[in-house]
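Both complexes shown next keep subunit A, but they swap its partner, so subunit B is in the first and subunit C is in the second.
So, the complex of A and B:
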């Protein structure tokens, strides 16, 4: 039987801090995350660094459900973390997100 | 321009990706390092990065249309001198304009739609004699470690410059020979050791498959020529990379040749040159090369606007290709004698470049 892992919810930013179809960086301790607001006003969170060469994705470009890395134009689907082809080959880790009282919370293991 | 002369203590550089310079670059903090970026607001940059299919569809239509018309003229007048200007135009569009097309579509910034980038990328790679997957990864490394010796596989002019090789490449002879050797290796399912440093394992089957397809096409065209007793098919497929490739080196040399190596500031190792509209069409605005390297997510059609936004933080652009070549040709000839010499770009007085400290750390000057 799988062991349940407790989710720790952390406040990342105010919901209106992110423009629609954009991304911002959020650091927690020594970890860094990218928080996205999609064109249909839904929020998502992934690891903050590109799996290719560890560049901050928050400097990249959000297009629909895609985040493009600013260094080599590698693309991920930020809603699933799926790498969309070379030069990114490894998927991004995603995190659950909820919005409460105008704040964006991300769930960490 | 000014120049630095380190000839007295210059040691021959090893430009391979598997030599002692590779480890040295890593130890000096030059590999996958943080590069200088001119300050620009997020909102303005987002606007510049915005993708659109429109400009690239227009330019692709002009490109393919001009290829078709010039090719038709070449075919119609084949056997007479009148075919020469048509094949000249066809050759430049095929063997030179394809250089910027593979490049822009390789970054996937030319079109908004991914498959459009990928289709034009594959066609343009074939035209410019580049294997698509190999060059996607090679160019990725070029952007990570631009002109870092031991790391960048795309240093066009290692010092001391190989002038004969540059002359041969006016007709793509050196690059065609290089492709032939690589294809021979890849069709057997092998990579050379340098390629293995930047092409991941999972991408290698694709390399081998593409090499076999390219080889089959070249062999097919050769057989077609033999079968009909004419080189006409090869004048359309294959040979234009050779007879029409001269603008590739004309544009390509302006990017970095003669400038500094091992710096983490694209303003010091790249050139921005003002060019006329025809050249900018052929070259897809890659004359804004500092801007492209600094912000590779900005599509080619937005580079003039990016240039306007950051030019006060950059060296004075070259006024023309002539202006650039007045510097490049003497620089390369001098580097034959003094390989340590290079052109040092002058930054505006209010800004300073990132530099690499003697102890191997990266520090702002």
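So, the complex of A and C:
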């Protein structure tokens, strides 16, 4: 029988806190996330740390749907979490995002 | 028909190229030959996390058996290539049969330059290029241990920082009157020198070394001035030499490394070279022949040379990029300063700064930054993109932290 995993929606930031084609860091407890706004004005969320050496991705550069790590330029597609080649080979975990009343909410399990 | 691709050197460039050959659709055999006993690993952590990490480290692998198998790359590790038979299109190996190639990549990297003064030997002077060497040094870096570093370049300074992080003493001896040589702007070298001194590192600049003396208890470096510096471990980081012996013996052109053309082919059209072992003409810098010892270049050239081996003719023109980590500071340098005649500084806050180096015609040719990585990385990356576009951004915009570099990307 499928079990419903309860998603806990938490408020990460105001929608206008992130520029288009940019990223910010959001911490909750001891977890850290990266929240993105794409060039076509959609919001996404991933784990905050690079899978190569655990550097905060929010200090990196967003280009289209790519986040580039600030440490050694590893690249991920932040819309899917896919690692796009050396030096990163492990994908990023992604989280569902909703925008409501000007707030960005991310869904944690 | 091209059926057999062979890569000599299973380091950053060789491993990347072997994978990229398959990623680019090559269907024949790919053989990766490496004389080290480990699976391919990253070298930058050897002077950083491998020395300072809390736990005894494993080599920071680039690839594992599963990924090699998935790409159908056969890795012969612990196997040295000993000769290239160009006429017979074969590579001779130590202790096993020769392997035939249709196209060959030489990615043999570089080796640490040896100190040549009386008293040096394997028991007295350490070097840092490989994982076993890093592990041996790590085991020595305990509180109170006295490390003497010869050479104030990147590896020497990272070693000194690692020694301090582990509670060991560190003295750095440098021949030049300043740290880090010409590749790094003087101001940044001075900022780093001040930081090392604040961390308790003793810097001895403008020193010549007369000899090494060893007793049962200690090792000493005797300077030209007569001063004697005594410690427990001596490590030399005095540069690297391109590993060109195989290429040279095979009669390939050598010019500060294995000389390749803009698409990384040697003067033998079936043999290519990439990474620290090769010199290549760089289109962004008037076609000047350069050799880089930089991790991203090794990776980028690995990707590029795979395409060239499959018949591509695109010139390699990635902007050179390098970083170094010391304490909580990162130094990043994009581009080369050959053509630079002017510098514009941007204050990035928290003591971080970014210098833009411009040519006579206002073209941005290089950028260097020092500060916490998170403060500098994005702007250096944007600067790099401007360098690649041969942009001539207004100096006033470059200097003003309120002007987003992204907005200059027209």
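Everything that follows uses one rule, which is that the second predicted complex is superposed on the first by the 109 of 109 C-alpha atoms of A that agree within 3 Å, B and C clash if a C-alpha of one lies under 4 Å from a C-alpha of the other, contacts with A are read in each partner's own complex, and residues count from 1 in each chain.
Keep in mind that, in the parts below, a residue touches a chain if its C-beta (ideal position, glycine included) is under 8 Å from a C-beta of that chain, and two chains touch if they have at least 3 such contacts.
Remember, predicted model here, so these are calculated numbers, not experimental data.
> Clash or fit: subunit B and subunit C on subunit A?
clash
> With both complexes overlaid on chain A, does A:107 touch subunit B (first), subunit C (second), both or neither?
In the superposition, A:107 contacts neither subunit B nor subunit C.
> In the overlay, answer first, second, both or neither for which of subunit B and subunit C A:86 touches.
Both partners.
> Just checking: does A:60 make contact with subunit B only, subunit C only, both, or neither of them? Give me first, second, both or neither.
both
> Under the stated touch criterion, which partner chain does A:75 make contact with: subunit B (first), subunit C (second), both, or neither?
In the superposition, A:75 contacts subunit B only.
> Need the overlap of the two footprints on subunit A, from subunit B and from subunit C, as residue ranges.
In subunit A, residues 53, 60-61, 68, 70-73, 86-87, 89 are touched by subunit B and also by subunit C.
> Across the complex, what residues on subunit B touch subunit A?
My answer: residues 32, 46, 49-51, 107-109, 112, 114, 133, 136-137, 140, 143-144, 200, 202-203, 295-297.
> Which residues of subunit A touch subunit C in the complex?
By the definition above, subunit A touches subunit C via 53, 55-56, 59-61, 68, 70-73, 86-87, 89.
> Inside the complex, what are the residues of subunit C that reach subunit A?
Subunit C residues touching subunit A: 16, 19, 42, 49, 62, 67, 295-296, 299, 321, 323, 373-375, 377-378, 381-382.
> Subunit B touches which residues of subunit A in the complex?
22, 52-54, 60-61, 63, 68, 70-73, 75, 84, 86-87, 89
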